Amino acid sequence: MEMRTLHVKINGRDYQVPDGSTILEAASAYANIEIPTLCYLEGISEEGACGVCVVDVKGTRNLPRACLTKVSEGMEIWTNTARVREARKINVELLLANHPTDCFTCERTENCDLRDLASELGVREVEFPRTRTEWLPIDNTSLSLVRDPNKCILCRRCVNVCAKVQSVYAIDIAGRGSNSTVSTFLNEGLGNVECVNCGQCLLVCPTGALTERSEIPDVWKVLGDPDKIVVVETAPAVRVAIGEEFGMPDGTQATGKMAAALRSLGFNKVFDTDFSADLTIMEEGFELIGRIKNGGTLPLITSCSPGWIKFAETFFPGVLDYVSSCKSPQQMFGTVTKTYWAEKMGFDPRKIVVVSVMPCTAKKFEKERPEMKTAFHYWQEKMSLKDEEAFNDVDFVLTTREAARMIREAGIDFANLPDEDFDKPLGESSGAGVIFGATGGVMEAALRTAYEVLTRKSLPRLDFEDVRGLEGMKSATIDIDGTPLRVAIANGLGNARILIEEVQKGESPYQFIEIMTCPGGCLGGGGQPLSNNPDIKKRRAEAIYREDAGKPIRKSHENPEIQEIYKDFLGEPNSEKAHHLLHTTYHDRSGE
Amino acid sequence: MEPDKKVQSPEKATALSVEDRAFLQEVVERDRVEHHGRVSYMDILFEVEHRYGNFLPGEVLREVARLVGTSVAQLNGFVTFYTMLSTKPRGRHVIRVCTSGPCHVTGAPAVMAELERLLGVGEGETTPDGAFTLEGSSCLGICGVSPALMIDDDAYGNLTPKDLPGILAAVRAGGAQ
Amino acid sequence: MKSLEELKRIKEETLKAMDLRQAKDRGKIVVAMGTCGIAAGAKDTLMAVIDELDKAGVHDVQVVQSGCMGLCDREPTIEVSMKDQPSVIYGDVDDANARRIVREHVQGGQVVAELVIKRGNL
Amino acid sequence: MIRNQLLICAGGACITSGEKSVKDVLVEELAKNGIQDEVQIIETGCMGACDLGPIVVVYPEGTFYQKVTPQNAGPIVSEHLVKGRVVSGLLYRQPTSETRAQTREEISFYTLQVKRVLRNCGVIDPLSIEEYIARDGYFGLGKALEIGPDAIIQTIQESGLRGRGGAGFPTGIKWKAARDASGSPKYVVCNGDEGDPGAFMDRSVLEGDPHSVIEAMVIAGFAIGAATGYVYVRAEYPLAIERLEVALTRAREYGFLGRNILGSGFDFDIEIRIGAGAFVCGEETALLRSIEGKRGMPSAKPPFPAQAGLWGKPTLINNVETYANVPPILINGAEWFRSVGTAKSPGTKVFALAGKVQNTGLVEVPMGTTLRELVFDIGGGIPGGKAFKGAQTGGPSGGIITADYLDMPIDFDSVKELGTIMGSGGLIILDEDNCMVDVAKFYLAFTVDESCGKCTPCREGTKQMYQIMERITDGKGTPNDIGKLKTLGRVIQQTSLCGLGQSAPNPVLSTIRFFPDEYRAHIEDRKCPAHACLHLLTYSVVSEKCVGCTACARQCPVQAITGQVKKAHVIDQATCIKCGSCYEVCRFDAILKE
């Protein structure tokens, strides 16, 4: 259908603009005018709440919003008249009037949309006094996220992303008028409601109203404790994003610099979660093969995304038996470090501290799950430990942002650091481990191993193009040497819900499904650096696949350290010991 | 820092009885079938509020959200938007004194003050014996007989402070006006 | 199922019933029972009219309720239409006035002048 | 032979105002003039007009004497009964014209009214569908089904009917847009939220004549091709809901609702949806969200409800009063409708007269009636002989029409020039005792409470304006407050998402425009000319007049008054809470209130 264009005038110049586009789109795409916005989030939050993107249109008494108003034939738009400037400034001043003035100590002091907008619009003094008399209590109930309603400007982005993208609806506006707040059910707090801790709300929040629960002080403390052996593991998606925090170009592979920086922070060992990603592929690949061969429950659904796990436990308890029993790479790493590595090195497991750097906020919830104390149970009889001495497999989780903050705090000039390697043995990984960070990556990694194990033939081609790409949902039929394997991949829980509803009804045509809670997979996680670049996910994905292509070993089962752990410690994949240490259980949360 | 322990909301303690669940199921189904498959929220909530003494306990709201197929956060947003719905316990009778323009200029403040004196509670509060909750209200649409108030569904007009004891007694005795 | 013709028939019949000249009744009293009327005590007015008519043994005067007649300020308001006489609208019709109107106007044929707010129907 | 009767009101109020001794005086006068057996004194029950008591009515003339005291009762006998000359000083003074109303019936409340929307209210029994039919009920529907949708819409367009909800948008255009919109199913919605303070005409129609709204909605459904209608009524109107439910059931039994209406093959049914205390739900998009089970948050227009309303489907939404006009238009035709009202605003408008006016209630007058006719001829003028100061129209979205415009015909467009809106028809009359700054603050407080909170200008802006107004009425105003109010008001009007926000500043901007000196008095002199703003009031003792009787000192609740007996007293301004009890109790006019 040939796109009809309309003639419009913007600031006195003529343009032909596609019918159906908004004033905001027309001005940006054709007139090189970036009309300021605040609450607008394309495709997700288009409510016209903030009143900042107003423009002057000939013939209208009021100032229409550029984000909502569609262009019409012959429309004359002025984006910079006196009353437009006045209206924008006053609307921002009205927000600032009730906004806390603690920019110095606020998490978002360097990247706050409200602060940038105020300076852009030349707001130099706020002549309006506070009208909100009492300060609202901080919501501290979640293990992953902290909500400060006093910094909320009610732009509704978080509510919309939680509803439209994640379909979790954990928050909505409560109350009315000037005492409206973003709230959970009966204001019980994020920790007590359906919130799956994915942090997508945090990524879109223009101010410091939503931040992660920081564990920086705890990590500094253990790093300073001489009799602790502090080990760090870094997730696949961190290395392709952490560079952004230090001004490096989007999509930089900063793996070597990341390892060097963490080492100079004082970590005794710098290992890599990619190692336990390979381990996960071994366990999960064989689980898939087992189910296919002995008619187990299919489709097998991946289990490395903790947000997705809580989502399933809360909304679809019925599909929990389809979900792989494998722990996530973060948790496998913790267990392996405090059992296999502790034994190998002769260390007292109670002295080992595992810190993981993750692109994700839900990992902070996952490490606290009651099932995640496997290492303690492993050692309990051996070392006759009392129940009160119980310890987690993973002690602390830092988001990519928190790790960067510690590196800055230590004064390390990240961008110019010479590259260093991960320590052995748990630093060794294959290309398959790295691509865990992108949506479709776990699937491709598993297929690379499953293909060779099932057919006993070497893989003709390493790259499974049709499972790659950032679309919300993908499906493909993979030919495993004649036998077709129908697979599907979803990122973003709104998309996942469609696949899972099919599974619940028993109508799912697939045998293997990968689900990532966050759009784009872990590279788009709630712990990643905040970026306004619309293509940031594409850059990070390209970097991940470049890292994979550059790895000498690209299949998990060919990782020598993996072969060694099975030889010396676990036996074979899905062995009784492997099952005991590397697998977990789930429980129905729908009643909570 | 340790997260705040999970706040055990009072209503949670009183898990729903079988009758409660059956009652809620019946109300939601009735209001769904009659209205073209779409659910009439307000009818459900008013009927439920009526049964639970003029307020909507958390556990009941959670069950209604489940039956209606919406999220508890959305239902919470809905209930806290409308002043006539309450998530806080209220008295058996709700007194709504019109504090709008026409009533204000013809004596509403005096009526409110007298009620506060008679009931011993301020605006927005419930009497200790659970009989009355005293609330201000926007215009009740009976400005011709201002100052006016409503107790539950009954309207009383042309009020002077000295009419109030009689009205309260009548309502306490169960007789509407 | 009603169709246009039936509609006309219903109209004729009801008009006849409402029109005092044909109706068997000697008169009709309409009590304004809007919320404003009720809030001003219209329920007591209705009871008083019915009670007074019973006391006087009158059974050929209809008592009907309707919505607010407009002058809320003077509610409770009632309209008394006796056969072959223009109807009269009374205001401030509390219990006592209602009984007085029944005694003087309905029984005594004497309009209670000081309570009249309109002669002739609305 | 009895030639006169003297009716004396023996009602509760009158007895307390000294009536007993009036009767004794009359008896003595009659005896003095020897006509005691020609004049009969009858004690009656309360005559209702308590503030006019004690009352004496001379029959058969029905001359109505009010505020009769033992001192002035004498001439009733000596002048009126003996010489037949009316005692003009005691007559009920008809406030408008100087000639005093002879008898009570000449109260003009009903005289100038043209009842169309209220045609059946107070006349028929709302629960009797037969009585509605007897007054041509459902004949409009019958005709509509005959002439077909296009002709219906053309009739409505030709009639020039405009929305009575407040904005005055041409109803015909709305119906046409809904008809032409693609997408189904379509819906017809009736807005009965009526949250405007001082507006109660929709309630009266729903309680008094529910069938007129039902008939109109069926006509609308047929015109635009909808099968479902919703009447959205606020829960504060339980009686209206109850009567509407009965009317709906009766209409279904008579085949005016449900399937194959009047044998036309057209199916249409109506359900009731109730609001629950949210004024913003009077805004059409907020109302639709409320029906959908969502928070009543308005959404930007376009798209208009006609294109995308309930659940995104084409929806026609009109106000109760607008619908009540539709059946008579169908029956009597567009020309009949235009025969009354002004060219651009034909037909009638129902006003809710309230505040400082003698006769408060519902009046239906042709569009173009002047404010003077409304307030004085129909409303009976201002009680207590006070001076008219202004009429507040449009509730929290409107402004003030001052005395200079008493003779301006009121219609949708004329009010706009004065910076106010017609609104739903609430007309609050204000007199010299009303402070305009306080009235504006009062309406702003209402909007701050009722704002939905979605968009910054309205949520935050109205609260800032309110705080400025509060400072002004607390005597802490500063000269540039007026400038701030105007700037804020302008930005709120221009950038709010819906009608509530866009009109929220009107009360303040209108009072600034028409009563600048009153604002200046509050800000610069720290004085409230109307003595309404407590914080600006000062009570002081006029030492010359004070005889030291200590009455005020004993009365003062906060012991702010000191002084010896028989010596001039003094009020300590710091502790005085301005309650005014000293002013009330002082019998020597020695307390100065200013």
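Should a chain be cited, it is by its letter among A, B, C and D, assigned in written order, with residues numbered from 1 in that chain.
Note that in this section a residue touches a chain if its C-beta (ideal position, glycine included) is under 8 Å from a C-beta of that chain, and two chains touch if they have at least 3 such contacts.
Model, not experiment: these values are computed from the prediction.
This structure's chain pair with the greatest number of C-beta contacts is C-D. Closest chain to the protein centre (all Cα atoms averaged), using per-chain Cα means: B.
As a whole-number value, the distance joining the C-alpha centres of chain C and chain D reads 26 Å.
Averaging C-alpha coordinates per chain places the centre of chain A 58 Å away from that of chain D. Chain A and chain C have centres, each the mean of its CA atoms, that are 74 Å apart. Between chain B and chain D the centroid-to-centroid distance comes to 27 Å (mean Cα coordinates, whole Å).
In chain C, 35-36, 38, 68, 71-73 are the positions where the chain touches two or more neighbouring chains simultaneously.
Residues of chain D found to touch two or more other chains are 200, 203, 237, 239, 278, 295, 360-362, 449-450, 452. In chain A, the residues that touch at least two other chains are 173, 175-176. Touching pairs of chains, sorted by label, consist of A-B, A-D, B-C, B-D, C-D.
Chain C makes touch with chain D in their complex at residues 1-4, 7, 10-11, 13-15, 17-18, 30, 32, 34-36, 38, 64-74, 77, 79, 89, 91-92, 94, 96-97, 100, 113-119, 121-122.
Taken in their complex, chain D has these residues touching chain A: 278, 295, 299-300, 302, 448-457, 459-461, 463-464, 467, 484, 487-488, 490-491, 493-497, 502.
Considering their complex, residues 7, 11, 44-49, 55, 57, 59, 62, 64, 103-105, 107, 109-110, 113, 115, 118, 120-126, 130-131, 133-134, 136, 138-139, 142, 200, 203-205, 207-209, 237, 239-240, 254-256, 260, 262-263, 358-364 of chain D touch chain C. Looking at the complex, you find that chain B touches chain A at residues 1, 3-4, 6-7, 9, 58, 61-62, 70-77, 80-81, 87.
Listing the residues of chain B that touch chain D in their complex gives 34-36, 38-43, 45-46, 68, 70, 74, 77-78, 81-85, 96, 100-102, 104-105, 137-144, 146, 150, 153.
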